[in-house]
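The letters A, B and C name the chains in turn, as written, and every chain counts its residues from 1.
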Amino acid sequence: MASIEYFGYALFALLALLALAAMAAPFHRRKKVSFVLGAVILAAITLTASYLFASGSSFYLLNIFRIYPFSMLFVGVFSILLLLVMALSYDAPGSFDSFFMLFGFAALGIVMVPMASSLIGLLLSLELASIPTVFMIAINGKKFIESSVKLLIMSGIAISILVFGMALAFPYDAQLSLVQIGSASGPIEGSYLALLALVLFIGGLSIEAALFPFNLWVPDVYEGAPANMSAMLSGINKKVALVAMMEISFAMFAVYSSTYVTIFMVLSIFTMFFGNLAAMVQKSVKRLLAYSSISQAGYILVGFAAASQYGLEASIFQMITHSFMIIGAFAVIMFLENQGIKTIDEYRGMSSRNRYLSIALSLLLLSMAGVPPLMGFDGKFLLFTSAIKSDLLALAFIAILNSFLSIYYYGKVIIAMYQPKKEERIVAPKAIIAVISIALFVIIIFGMYPQPIISIAAKAASALLGI
Amino acid sequence: MIQILFISLITIAIAIAANIIFGRKYSQHISIAAVLLVLIYMSYSISAFTSGSLAVSESLPYISSLGISLHFTLTPISIMLITMSLIVTLAAIVWQGIRGANTRSINSLLLLFLLSAIGLFASANLFLFYIFWDVGVISVFFIIRSFGSASRDVASKNFLIYSIFASALLLFAIMLIYFYTPVGSFNISYITAHSYEIPIDIQESIFMLMFIAFAIKMPVFPFHSWMPNAYSDAPTSGSVVIAGVLSKFGAYGMLVLFYLLPVAETLKTYVYAIAVVSVFYSAFAAMRQNDLKKMAGYTSMIESGIILAGIASLNYLGEYGSVYMMLAHGFTIALMFIAIGSLEFAYGTRSISILKGAVSSAKSASYSFMLAIFGSTGMPLTAGFIAELMIFIGTVSAFGLYGIVPLAGIILLGAYMYLAASRSIMSTKEKLSEVGIIGKSQKAAMAIAIAAVLFFGVFPFIFLNMVKI
Amino acid sequence: MLPLFVIAPLLFGGFISLFMRGRSHIAGWTAFAFSIASLILAAYEVLYSFGKAYSITWFAISGLVVHISMSIYTLNAILLMLVALVTPLIMLYSIGYMDVPSERPRFFFEISIFAASMMLFAISANFITMFIAWELLGITSYLLIGFWYHKERVPYAARKSITTILIGDMAMLSAMVLIWNAFHTFNFYSIMASPYINAMQIPLLLILAAVFTKSAQFPFHEWLADAMEGPTPVSAFLHSSTMVKAGVFLVALLLPLFYEAHLLYVILAFGIATAFIGATNAIAERHIKRILAYSTMEDLGIMLVALGLHALLAAMLFFIVQTFYKALLFMSAGSIMKANDNAENIYLIKGSTKNRLLFISTLFGVGSIAGIFPLSGFFGKVAIDSVASNIYVYILLTVIEFASSIYIFRWLFIPMRDPLTKGIDAELTAKYKNIPKTMLYAIAVLALLVAIGGFAYAYLPGLPYAGVFANTYMPLHISLVSGLTETIAVLLGISVTYYIYVKMNLKGMSSHRALHTLLYNSIAVNWVYSIIAAAFYEIGGIVNSFDYALYWFIVMGGDGLVFIAERLRRIVNGQINAYAVAFAAGIILLVIIIAV
């Protein structure tokens, strides 16, 4: 046991190292050094986390971090995703040094969210994860200020609501630890306050997680931000909020499951419909992806609503899947945006301009639409079956319907790309090709053989539920 | 025991990869060679199956947590349909010609579609069935989308809307089945054995969902609106595989469905009524078509109705009759579309009112077209006759005198097709000038389809001997 | 030897001649040689396998065992020999007739297949074999009628015939399916031997419908006259031993079944109606071949009358003699037309007496069709008159005989006139002299057969007839009274015709409008056909607009969804305060959820 704990400390040390590297970046101003340093540290975090995950051990570290398979899975996944985003941002127009400093802190926050053992820790790491992103958007230039301000305001609202929720939960658990609170066991009679606290938590986290109607800022910000930041927001920060939501609901408020099942169901239906319907009439591909990413959050909530081991397993699977898909897709979009290609109309004839990019984007979009044998299909399949397993037939049906509604707009983009239009070829930089290839590799390989990811997700889900 | 199916699937997959890599020059060679190779496997499997020395079940672990494995079974039905798909795809690929346009992308898609067809017809569980279903649909969508005619936008959009709706219903139904069988399972044989334990109202919902999904793909009235445009706007090789193979996805699914749920016994009369309505509806709708391809589309809808009638009779003759009809119709409609495509190639139009006297200079295409008409009216010595005989014996034993009603639809169909033929093929009031000369490869494609139509009409026992009831 | 081999030489010859594109001048001789081989095989078969049945399994599945069954019983032997005899003659005739070298291979191919299908039909012993032949006959006749596809009315005629035949094919298929479900066998003789089932009436009626389409009986008779657009050898073949005979033959074969199902009166009624329609139309028609076509309808009608009277032997006698004289007359007509530059109107055709061999042979045919003693036609007709026990039937038959003598002598007399101008006359004489020898030989042989065909009267009753009810058939005999009545009717007809068309030199019936309409009722029938077709076409229009509406409904549904989406999209208006409001609304929503 002791040797396992050393690994925990090693993880801790790596995080500290990441913070140090981030702080050092603006001073030495060497792009390459920062990048390599960041990559090595993130890779090391991934390795350590996967070792800890594989060992299946569960313990508290310094009373602030909880090391158990659920947290380790997300630490590992998030660090891989962060690595991808960093690679994307390497050639971004803004200064990489200041970007890397902010990125390092954000990464610190992101990785700490799943590990946090108390509400305080959770809140702080969420804060750490979201505030730097505001500036990461802003440093790219004047035209990005608007979306960064929007993000700032919405994050502010989210944080204040979360704090208020914490205050309401305080009577039930003075430690504010993320362990299960008893029903009406605190000094206050009844459970209204606890339920209200739950609502506020869910509402606050829904802002980051982009659930309707808390998500109206999402299209503006995703479209207004540079594509690498959109990738980070939708691929990582959104998942961070969802992870927090899972921990709060399924670990802390488990006794109120019948209540939050309804909430998740309603939110899920709203979110799916909103995302899919609004996406149908978009002209800008980036905005379309923003809406698509909203609808994906809706699908993930289906698993939450199922509120079973199986449902969480499916949600975790889909969260991982979606992160890779959306980062891959935004990578393509980022490159095309830099070429001045933004709307669906401008995507026409893409297949003749760069065959690889168009095949990759087609596959990524098809995967999002849930076409077998890509990973998106497996995730949705798991989600929908989990809903049926929990007797939520209507939800499952609506979700399936939505999932197929989405093919319409994904198809629109794909169709546009394969329309004949002769223009000069364009060549993508290596970093972007690498990111796309990794995402593609993941969704194809694990799409055809999803069993490893399912097992991992199952292990994490059972750890979270304490089974 | 050789695992034929895995080998076949891998062969096709390798061919797709090879096509993408070396396709610029050798696309046709690679594709034809791959299909022929799998055809050889299949002919081996026919003889091996007849003598009882075939590995009928092939399984690999897949998603163990859901109890899903890569599980294929080779039944006489799947062997028939796979062979049909191979021959039809072969004809479609050959039609494109060795020289000329770059066929790399379309061949890759055709092979991908073939892969899905092979997988679907042999899949032993509904999960795989669904996956191959969707792969097939998407590859066909891209075939229409990327290589279709000028008005393909609407056609492909409609095709997509209908297909995804069908897929959604199918997926939902499959999940319902999974949940309501005693031990959640996707395995078709397991579900068939235990489906009586599913409550009757759930069975009815599942039946409805799957029925609509398959009816869309077959297509059957009133779920057919995607069909005329999709058939007419697809490229010729696309039309061939859509009408020849993709519509059989629906028909095969329908067959599986009818033997999956015991509730089919009570619903079969309604289904038969739908089939009859569909036959007459499409026969009448065909009468006002001016586009030969659209006419062929409605023709194929009539045959779909007859297939459905055969399935609805729920007896062995109806079942195997409809399977044989799927086979026969695959070849006949392939021949018809190839002939129409060649006529279009030769004269630059496929409008019945513009084409005149095609037989005088496009002999091969005209005679192929005539043979396709004979085949679809069920002339003996074409495969259609064997199928019609079996189907209608089946329907009569299930529905009595009502069982022969669809035959009147064939009269209407034939009447219109002969009218179309006499206007476009025979009449020479003002002869149209040629814009192209039908080449060797197109003739070869016609020869393949004609050979298939006649071969399986004269030697039906090759397949039927595999069936041991 | 398996009787199936009888058709092998024909099939083989057909395919060989198809590929003789370079040597089309010998394509005909090749086909002829192979048809002789078929004749020899058929004769061998009839001599050595008489009374035997053969069966090979084609395929079997789940209780449905399908055989290819053949038998050489009396009826089979008669038809087989007729076809085998006529085929070489047709081939011989065609060698001279087909003067377009490029089309020869196709012609001899199609006609060989046609003959082969008829032979297969002749020897078939179960429904499957019969149906294969039945449909092949239909398809090949379609191809043959449409042979000169570039002529104006040909596509129409071919389509008309195939459409009518298709109705019959589907009726036959329905009948087969019903019969299988009732008896679980397709074999004719097993079905006739099994105890009768009440449900048999419907399949038998369906078979009758099929027979009526094939044998051009009312109300499916109009295609036959239009089928004259095909080459003359085809008409000669189609009207004598093949195709139209198939229907009658099938009724003869299955007569015990019809008898038991009490359907004979249906056969009788339709037969007599058709005979009447055929005879009247023939009187008013001017097209040299169409007159003969209507005459064929009449002949077939009379055969069905005989069968309806349960007189199998009389019907078969007429069946045999009709084959020879009808083939002969068509060939004569073709030769006369060839000499007259393919003129078709009998008023434009001149000088049919100029070729003596042709004219004498034609006289044999005309005499036989009218029923003049001792030509074979007399025996055929009088044998049927003699069994007509019902007085009305008898009278109608006599009237029809009278009418037939009118139209056939009109057919004979009018083209006999010579052209008025000397120069044209000489030219015509040369043309008559130039009629290819092969055509004339074929005609001469047929004339001989017509002359001696009456001997069948002596042989027919002695043959064994399969079927349990053989002894209840009406016996074959010729009563003196019938013979005299018939002869009087015919002589009356000749004199009337002579008076009207030779003495008075009338141009025809066109001056008598009402009478012409009554006689030439083919127009009315065609009108009814076109009304039915138009009705179907209208229904097609309605269905089609419905189909279009359905399509637009789907498209509109998609548009509606897009409209909703557009509304939804407007919520996101870029105003941060609106987002904050939405956020508050969301929180309230969640609170409401927990409160409820």
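Definition applied: a residue touches a chain if its C-beta (ideal position, glycine included) is under 8 Å from a C-beta of that chain, and two chains touch if they have at least 3 such contacts.
Every value quoted in this text rests on a predicted model; they were computed, and no experiment measured them.
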{"item": "Central chain (by mean CA position)", "value": "B"}
{"item": "Chain whose average C-alpha position is farthest from subunit B's own", "value": "A"}
{"item": "Between subunit C and subunit A, distance of the C-alpha-averaged centres to the nearest whole Å", "value": "78"}
{"item": "Rounded Å distance, subunit B centre to subunit C centre (Cα mean)", "value": "36"}
{"item": "Whole-Å gap separating subunit A and subunit B, where each centre is the average of the chain's CA atoms", "value": "43"}
{"item": "Per-residue multi-chain contacts in subunit A, two or more chains", "value": "405"}
{"item": "Interface hub residues of subunit B, defined as touching at least two other chains", "value": "157, 161"}
{"item": "Multi-partner residues of subunit C (each touching 2 or more other chains)", "value": "none"}
{"item": "Complex interface listing, subunit B residues touching subunit C", "value": "157-158, 161-162, 222, 225, 228, 281, 284-289, 316-317, 320, 357, 359-360, 374, 377-381, 385-386, 388-390, 392-393, 396-397, 401, 403-404, 407-408, 410-412, 414-416, 418-419, 421-423, 425-429, 460-461, 464-465, 467, 469"}
{"item": "Complex contacts: residues of subunit A adjacent to subunit B", "value": "366, 371-373, 377-378, 381-382, 384-385, 388-389, 393, 396-397, 400-401, 403-405, 407-408, 411, 414-415, 418, 449-451, 454-455, 458"}
{"item": "List of subunit B residues in touch with subunit A within their complex", "value": "61-66, 127, 130-131, 134-135, 138, 141-142, 145-146, 153, 156-157, 160-161, 164-165, 167-168, 171-172, 175-176, 178-179, 184"}
{"item": "List of subunit C residues in touch with subunit B within their complex", "value": "58-64, 66, 128, 131-132, 135-136, 139, 146, 149-150, 152, 154-156, 158-159, 162-163, 166-167, 169-170, 173-174, 176-178, 180-181, 202, 536-537, 539-544, 547, 550-551, 554-555, 558"}
{"item": "Contact set on subunit C toward subunit A in their complex", "value": "561-562, 564-566, 568-569, 571-572, 574, 576, 578-580, 582-583, 585-587, 589-591, 593-594"}
